[in-house]
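A single structure is presented below for examination.
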Amino acid sequence: MKWANFIYLFLLCCIPVMGFAQIVPEDKSVPELRTVQNLQVADAPNDAGDAVNLFWDFPKDIDKSQITEIRIYRSTDVSGPFRQIDAFPLVTDSYTDEPDEETGHIVSTEETYYYKVALYNGSEEMISQVSEAVSPEISFFNWGRLNVFIILGIYFALILYFIRSSRKGKEIYIRTLPGLEALEESVGRATEMGKPVLYMPGIDEANNIQTLYSMVILRYVTQLVAEYETPLIVTVGKAFVVPLAEETVRQGYMDAGRPDLYNQDIVRYYSDEQFAAAAGVSGVILREKPATNIYLGSFYAESLILAETGFLTGSIQIAGTGNIHQLPFFVVACDYTLIGEEFYAASAYLSKDPKLLGPLKAADWMKILAIGFIGVGAILETFGIDLFTRLLQI
Amino acid sequence: MPNGMNAPETTLEKIERMDRRIVFLAIAITIILPLIWPLGLPIEVSPQVDDFHEAIESIPDGSVVLFPNDYDPASKAELYPMTVAILHHFFKEDRNLKIIGLGLFPAGPPLLQKAFEEVAVEQYGAEYGKDFVNLGYKEGREIVMASMGESIPKTFPTDFFGTPIDSLPIMLGIKNYTDIAILVNVSAGYPGTKEWVQQVVSVFDVLMVSGTTGVSAPEYYPYYNSGQLAGMLEGLKGAAEYETLIEKQGIATSGMDAQSLGHLVIILFIIVGNVLFILNRRNKTKGGRF
Amino acid sequence: MARRSIPTAIAFFFGAMMVVNYFVPWGWFSDRANQVQEWGLIVVAFAYILGALNVMRVHGHKIQRKDEDWRFSIVTIITMVVMLGFGLMPEQWAIGGMERGSPFLWMFDNMYVPMMATMYSLLAFFIASAAFRAFKVRSLEATLLAVTAVIVMIGAVPLGGILLPGSMELRTWIMETLQNVGKRGIMIGVALGAISTSLKIILGIERPYGRD
Amino acid sequence: MWETLGIWIQVFLTLAIFSFLYRDNPFYKFAEHLFVGVATGYWVVLQVRNVLIPNLFQPLFRGFSDPWLLIPLFLGLVLFMRLSDKYSYMSRWGMAAVVGIFAGLAIFGFGGGDLIIQIRSNIMPFIDTEAVQAFTQNAGLITFLNILSNPIFIIGVICVLFYFFFSKEHTGALGVVSKTGIYLLMISFGASYGNTVMARISLFIDRAQFGIVNWIPTVIIGVLMIIAFVVLAITGKVDPKKQF
């Protein structure tokens, strides 16, 4: 439990730091009439040092519909000369001075800039007072994302800690997940019936982490079918997943000591079109009649087409996805469904590998943290304290 | 493993486990008939549709609207009527809004172009390049959204027809999201509303409303609740309600009769299924699996 | 050994670069990171050729072995080759390119598009048959699922508002509150799972690109 | 001419796919195989023309403006090494690069976007004063339910999160809480399911409208297909009672 104490301490230290990061400098106002007032300039935060933000107010009595243009002037000397750098017909109260490759306009960290803003009504322009001096600065860290950094930092630390401790031999308990129990059984059932197992890793591109994760699960499934010598069909709906799946399946057979069972017809590509894949896979389900259909990955509307077709042939259907919008259909039409995070627990569950069980434990701790934030935050909010909401501002 | 494999089935059980093709046939008939002979049932407007309408009303005249239409023919049924209704709203009063259309689905921009031509040009006489523009499709999903934050002209150097966009008057002075008054997204999934919220609203603080398919709508309700989306239209119903708000009855409204009846039939099937289920369970001495 | 660690090193290098880019706004670095993202898309584009080869191979084998329905595999191969041929022909040729009026676009519009829309619309039927089968009061879970679905369905159409006054408001409340409770819980869990999976991949603990 | 032919093909393919609802049959098999072929070809062409040519070959071979592009060229080409037995390990380099980039990007899509924003938007007061006010002004079922919204959100999300606990047996207090969690999930799924019905019916409405507009080919091809099915059933080639 020592570690937990350390985390609490760390968290306590983080809170004030995150609080400070939210502090905004106070306004200093200089009254001015008939044109924009309170012209404020500031280095744009968290950028590459090539932008300056300008903010201003309009006098209350001004008729905004008269303004046809706002013009921005800039100089490197407080006394001028001021050169017009931009003009636009929008009535806004802010502007960002940025470099523009086409016009050759630059904003440099080497210079100090002064600004003026003018309102133009079609015939005359009213120029504001000169702003304060500003010089852009490069920031090497986006302080607005400090909270993301800290929360992910905690998570990463927990993951690495639990991986280490479970490698050292500390047992990590994992509760029974019926869907994954059924997965092993259903492969056995397919063997008895002499029918293949169908595996579909979703239809999403590899940029969806679920697709990548599905490859990890596929390797265990391949090992499983290799032991039973059950035929395997992997249907793929994105081109880049083809080499990934082929590699994974070959690897799985090799790990199981049966590289001879691998053949080039296992992984089948049904084009990137979602519904062409749905049509093709439905065809496989009806004609090759797999005893088990495993849908693990990122699915979209085709989920119900597949699951209903699979129901027709009486296959055992096991689904799992993190795509919230498709979970209802899998839950209704499949025998077992891994809901959201349960899907991400599959590789740890199937392999019982300490390296993979550790992160699960870490995710549980993060959920405690989330529950703490929600619970304590709600109590504080009830009394009008919005500290937590501000800490989590992105 | 269906239970009662050994016991002989009673008539009621047979009806409960009836051929699903009967359901299919019933659905087909109840939807097709009202399309041929409409009934004209009334329509009520939901709050999120009102908010959507309000958000577009709230922007000043002459502002620039970013109008990404992220869908392709697969979702045309629900979303195209929406695009049409929104365009009616943009152009119906002479508000001089400047509409910048684009699409992050490869097959999206041609549909958008069709809508622009059918509504903006033919009905309101709007002019391409002056009142509206179609920037077309750009590969890269979220990357496109993020790089538009840097510069829209650099992300889309040419429009749908390959014309350089600096030759179009509408694009003058438009750099990035700071020049956009509202982001009106019509989205069928990925990349779409969720990504615009993640990449644009939370980073550049842009006012955004979204019209989505009925299926993705529930996923976006959290964004509507947390204020990241100012309003939402969902599915054909959202489009029909919107048509009511802007007083322009169109294809969405006519489809709603079929919708109503379709829903009714499915609900009836569920009720009948449950009655049979309860009767069958009572008739059996042992309840089987459940 | 060295050969084994190359893929892990590559994945780590590019993955870490994306992570650093999120926190470091330094222009030079984010330019590089964006460039790398574009490279990713380019590499992915090469995989489409592998995909076409896979289709050729799988259906070619079917024809070779004279499997059941092997004749239909010929359809797949022929249409794919025709599509590739028209599409990759230079635009200057009368039948090349993918512009308006090209055979490529004609096939897309008259085959791809209607089949996609029709396949999608099959869901109108499946959603009804699945509901008829599964929405039974057999357990508390199933009952809650069925009852909520029915209420929302009634409130979803204008007719429901007439048959059951207040059902539209009730539906909105369910969609905004009850529905989101589950969603939010899942979203938080999914985010945790996805983040740890990403980390495991970057660190090479899980290697979806295979190992030796 | 081409346009009319196009319409007839569209109608035929639409009906061929719909015939799947009746049972698996040669029309569906034909349409399905055609679809996979057309779609595969389409996507290859799209990627070559929209990505490879403008983003790689043009800058690389017309002026050599960006020598760094040799890296993705290399990583893309090694993917094909998998066709050889000896050097197939090299294809992993290309895969690893893409996987690394996507995995790195995913951390923040979820970390910033979903994780923190969802937690944050669930931090709310137990008592929503606005809802209470609305209730006192206009007492009714919905205004009353709106008062309950916040407590349901706070307690409900906590219950759902407890349901996802993996490292503890779900017994005792945790069992009760996680059971509540799964009930809430089921309600949520039911709501989404019911809400989707409309979208799905819309899709069929669109196809039905297409059929109604082009009713002449629809009726002709439809009747011919039905005749074909009857003939197949009479000759015993297909069993209309079975669905596959």
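We just call them A, B, C and D in the order they show up, numbering each chain from 1.
Here is the rule we use: a residue touches a chain if its C-beta (ideal position, glycine included) is under 8 Å from a C-beta of that chain, and two chains touch if they have at least 3 such contacts.
No experiment lies behind these values; they were computed from the predicted model shown.
With respect to chain A, maximal separation of chain centres occurs for B (centres as means of Cα atoms).
Just to note, of B-D and A-B, the chains joined by more C-beta pairs in contact are B-D.
Centre-to-centre spacing of chain A and chain D amounts to 18 Å, using the average Cα coordinate of each chain.
Each chain gets a centre from the mean of its Cα atoms; for chain A and chain B, those two points are 23 Å apart.
Remark: chain C and chain D have CA centroids separated by 5 Å (rounded to whole angstrom). Annotation for chain D: residues 17, 20-21, 29, 31-32, 35-36, 38-40, 42-43, 46-47, 51, 79, 82, 92, 95, 98-99, 102-103, 105-108, 110-112, 114-115, 117-122, 157, 161, 164, 185-186, 189-193, 195-198, 200-201, 203-204, 206-207, 243 touch two or more other chains.
Among all residues of chain A, those that touch two or more other chains are 145, 148, 152, 206-207, 209, 212, 239-240, 243-244, 247, 269, 271-276, 279, 287, 301, 324-325, 327-329, 331-332, 339-341, 345, 363, 367, 370, 394. Counting partner chains per residue, chain C has residues 22, 37-38, 40-41, 44, 47-48, 50-51, 55, 69, 112-113, 115-117, 119-125, 127-129, 131, 133, 135, 145-146, 149-150, 153, 156-157, 175-176, 179-180, 183-184, 186-190, 192, 194-195, 197-199, 201, 208-211 touching two or more of them.
By the touch rule above, chain B contacts chain D in their complex via residues 21, 24, 27-28, 31-32, 35-36, 76-78, 106, 139, 142, 194, 197-198, 202, 213-215, 217-218, 222, 225-226, 228, 234-237, 251, 255, 258-259, 262-263, 266.
Every residue of chain D that touches chain C in the complex is listed here, in rising order: 2, 5-7, 9-10, 13-14, 17-18, 20-21, 29-49, 51-52, 55-56, 68-69, 71-73, 75-77, 79-80, 82-83, 89, 92-108, 110-112, 114-115, 118-119, 121-122, 141-142, 145-146, 148-149, 152-153, 156-157, 159-161, 163-164, 181-198, 200-201, 203-204, 206-207, 210. Residues of chain A touching chain B in their complex: 87-92, 94-96, 98, 100-102, 204, 207, 274-275, 300-301, 324-325, 394.
If you check the complex, the residues on chain A that touch chain C are 46-50, 138-142, 145, 148-149, 152, 155-156, 159, 163, 205-207, 209-210, 212-213, 215-216, 236, 239-240, 242-244, 247-248, 250-251, 264-265, 267-269, 271-276, 278-279, 287, 301, 304-305, 307-308, 311, 322, 324, 327-329, 331-333, 339-341, 343-345, 347, 355-356, 359, 362-363, 366-367, 370.
Put simply, chain B touches chain A in their complex at residues 60, 62-64, 74, 141, 153-154, 166, 173, 175, 178-179, 189-190, 202, 215-216, 218-219.
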